[in-house]
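Common to both upcoming complexes is chain A, partnered first by chain B, then by chain C.
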Partner chain A sequence: MARNWWKILSALLAIFSLIAGLKTPLAPGIHRVSPDRLSYGVNQVEILGYNTRFSEAESSLQLWLQNGSTSICPYERVVVDDQRMRVTFSIPEKVEDSFFHLYINNDLDGTMMLESAFLHKNLTVVEYVEKDAQSCLQPLSTQEAGGFHFPNQSILNESIRNLFFHVPSWFAMMFLMSVSLFYSIKHLRSGGLREDVFAENAARVGLVFAAAGLLTGSVWARFTWGAWWVSDPRLNGAALGVLVYLAYFVLKSSVNDSQKSGRLGAVYNIFAYTMMMLFIMVLPRLTDSLHPGVGGNPAFSQYDLDDNMRLVFYPAVLAWIGIGVWIFQLRNRMAMIELKRNYA
Partner chain B sequence: MWSEVWAILGKDLRMEWRQRHAIGSVFLYVAAAVFVAYLGFRQMADIASWNALFWIIVLFSAFNAAARSFSTEVAGRRLYLYTLARPEAVIIAKFIYNAFVLLVMVLASFIVYTLTLGSFALEEAHLPTLCAVWILGSIGLSAVLTLVSALAAQSDQNIGLMAILGLPVILPFLLLLMRFSKNALDGIAWSVNSTYAWQLLSVSLLSLALSYILFPYLWRE
Partner chain C sequence: MPDFGKHFYVRAVYVVALLLLPAALLAQGESGAEWMYEAGKINVVFVVVAVMLLALLLYLLMMDRRLRKLENEEKLSK
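For the complex of A and B:
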């Protein structure tokens, strides 16, 4: 028991990250507006919220458009249900910006904002617009929504949860490939059969996590970037990494002598691992990539990953690395038993 | 150390000269590949595809050329070489030899390629950079493929394995090389383009250092 505490911990953390990652609701947000163009005069638009409570918090509901330094409040507002309302705006002829940002605030949902919700249609964009004496806005009561939830970001929407499955897969793969490298180096130094079996098993389990990472990444790419596969240095690097380890298995199985196959495999493993790391970690940073933290894209630490997501993300990383090592050890024990039986 | 390197290098060159048909087959492979490309394409439309096709042909020819570096050593001669020279000297000699062969091959295929598929891509090319592309390309291809060919030669199925092992390792290098070459063809000045040269050079040096460390374990048999 004392030696196995980390297995129980990994399993518990994995269950926690699965439940918390899938069950936690997204923060209330503005999903869509239609039509998304505003012209001079009276405009009636429909606003669709997501996880919002428009009718429940109607008494404190406040809604306005921001255009440059001008804010525009609606002169009529009908709340249909918790997710829908119909609003009528009166738009002046001259505006300061081509885009209108939409803000909604109430006591239950806090302040929600949809950036560039509306585009102007046949309006004159000028430097500065004379404003009425007083703003239409009253001071806000609450800005934060209550309860535990994940950020609601446009484009990402519900798929933001994939962070807890996609990224830990790659972390677990990297970890296991490094374990494989460690045992390959040990094998070259000692020539022991055990280390070679360990190196191969670590690479095998790592490859399973790589497959999981590719699969979750592909689904995520479909929903955010619009295609199952995009030509991105990070993606191509990952695909190459998978090819490298498939080649490693082909090389090992093509040699019958176990001593020789171990040595060839170890040499290729060290060589390929170093080259792959160079290409996955270093080179994409020099060119543009769609991935966060690369080529001018903001990293998760800046705004994508808020504290609530961190609370699930870090346990998920630990959990999947732990479970990977657990599977690795199980495979090793199986391989050792088989070896003993073959030599006995 | 270096005297051993020169001795092995001299031996390889002399052997190549005595078996001219063997190296000739490599050049024939390039010529045939270019001719197939010529018949398939007839006319190339843009510089990007011209450049990419050229390096793809060079890549496969390089696999062919590098695969010979260890498989030509029959088992008895390998043992003899093992008693005479240090493994580090062997890998360095093979690397220099391969780099030289690849450079000649790149130049030869470039001549055949421009003759058949047209030299329109060269109109705005920055020639000194293009020379750097050829030299760095043959050094890098040789640095990666020499160790891979040593690995493949020791396994039981040599030729097929060479491509499987080599492609994923060489591909990112090749992508860098293609972009560098494309910039040279577009006539982008060296001062802008030199980062690619440094990246190619550092990848080559890293892979050479790994070969130097790892090859003795392969040689010991």
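For the complex of A and C:
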């Protein structure tokens, strides 16, 4: 029992991240507006909220459009239910920006914003618009929604929770590849068969997590970016990293002499690890892409990972690393029995 | 040296094919995938969790088979 505490801990953390990751509600947000184009004159639009309480907090409800430096307030507003309102705006002929951002504010939901909620239709975009009676002086204040929740980002929506499964999978893969590198270097120093087997097993379990990472990423990409695979530096880098490791197994199994295959494999592993690090960690940061954590910004900025998500994300990382190491050790124990039998 | 790498790619291809099966089924036309966009795309999360667990379970299954082989050899040698 004393030796197994970390296995139990990993399992508990995994259960925690699963439950907390799925049960925590998303912050209130603006789901959709229709129609999403505004033209000169009177425009009636329907606004759909997500996890919002429009009617419950109607007394404190504020709503406005932001266009450049102009705020446009509705002149009529009908709250249908907690998730729906019908709003009428009067849009001037000249505007400062082709996009209108939508802000909704109330005491229960806090301030919600839908960026570029509306596009203009046949309006004249000018540098500066004289403020007249139509523009209002909101926003008065912005406020936070109460309670423990995850951020509600457009397009991502609930799928933001995938972060607790997709990203830790890659972390576990990196950890196991580092373990593999450690044993490869140890093998080069000692020449022991044991270390070679350990290095191979770690890479193998690492590849399982890489496969899970690629596949979960693919599903996630399909329903946020619209394709199973997008040609993106981070995605292609990850795929190349996996291929580099597949070649490690091809190389190892193609040499029959165990000493020779061990040595070759260990040297190649150092190369593979470096390449993977370059492909996954370095190269994607040099260019722009859809994937967070690319183009210079690490994925840990406040926009990608807020404090509430960290509370679930880091336990998930520990959990999957722990489970990976657990499987790795089981694999090793099996391999040691095989090794003993074959040399008995 | 026991043949640790034997048939590894064949198995890897099987595993990937099995894991891609749900995805391939989902890809049957745009109309079939609409449920993934419902309720704030929460179903995407369920599929992702399922894929994660499936990947680990398949690997456990592979280990199980290998252990079974080892046990059988043990029996034979006795």
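Rule of thumb we're sticking to: the second predicted complex is superposed on the first by the 316 of 344 C-alpha atoms of A that agree within 3 Å, B and C clash if a C-alpha of one lies under 4 Å from a C-alpha of the other, contacts with A are read in each partner's own complex, and residues count from 1 in each chain.
Heads up, the rule we're going with is that contacts are C-beta pairs under 8 Å (C-beta built on N, C-alpha and C of every residue); 3 or more make two chains touch, one makes a residue touch a chain.
Predicted, not measured: the structure shown is a model, and the values here were computed from it.
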{"item": "Partner chain(s) touched by A:330 [first = chain B, second = chain C, both, neither]", "value": "second"}
{"item": "Contacts of A:268 with chain B and chain C, given as first, second, both or neither", "value": "first"}
{"item": "Touching partner for A:188 - first (chain B), second (chain C), both, neither", "value": "first"}
{"item": "First, second, both or neither for A:218, with chain B first and chain C second", "value": "second"}
{"item": "First, second, both or neither for A:278, with chain B first and chain C second", "value": "first"}
{"item": "Touching partner for A:243 - first (chain B), second (chain C), both, neither", "value": "first"}
{"item": "Touched partner set for A:256, first chain B, second chain C, both or neither", "value": "both"}
{"item": "Superposition-derived comparison: chain B or chain C, residues of chain A touched", "value": "C"}
{"item": "Chain B and chain C footprints on chain A, overlapping residues", "value": "250, 256"}
{"item": "Residues of chain B that touch chain A when the two form their complex", "value": "144, 147, 151, 154-157, 161, 164-165, 167-169, 171-172, 176, 195, 199, 203, 206-207, 210-211, 214, 217-218, 221"}
{"item": "Chain A - residues contacting chain C, complex", "value": "18, 22, 26, 31, 50, 156-159, 161-162, 165-166, 169, 193, 197, 200, 204-205, 207-209, 211-212, 215-216, 218-220, 222-224, 228, 246, 249-250, 252-253, 256-258, 261, 323, 327, 330-331, 334-335, 337-339, 341-342"}
{"item": "Partner chain A, residues of chain C touching it in the complex", "value": "1-6, 8-9, 12, 15-16, 19-20, 23, 26-27, 33, 36-37, 39-42, 44-45, 47-49, 51-52, 55-56, 59-60, 63, 66-67, 70, 73"}
{"item": "Chain B contact footprint on chain A (complex, rising order)", "value": "188, 236-237, 240-241, 243-244, 247, 250-251, 254-256, 260, 263-264, 266-268, 270-272, 274-276, 278-279, 283, 286"}
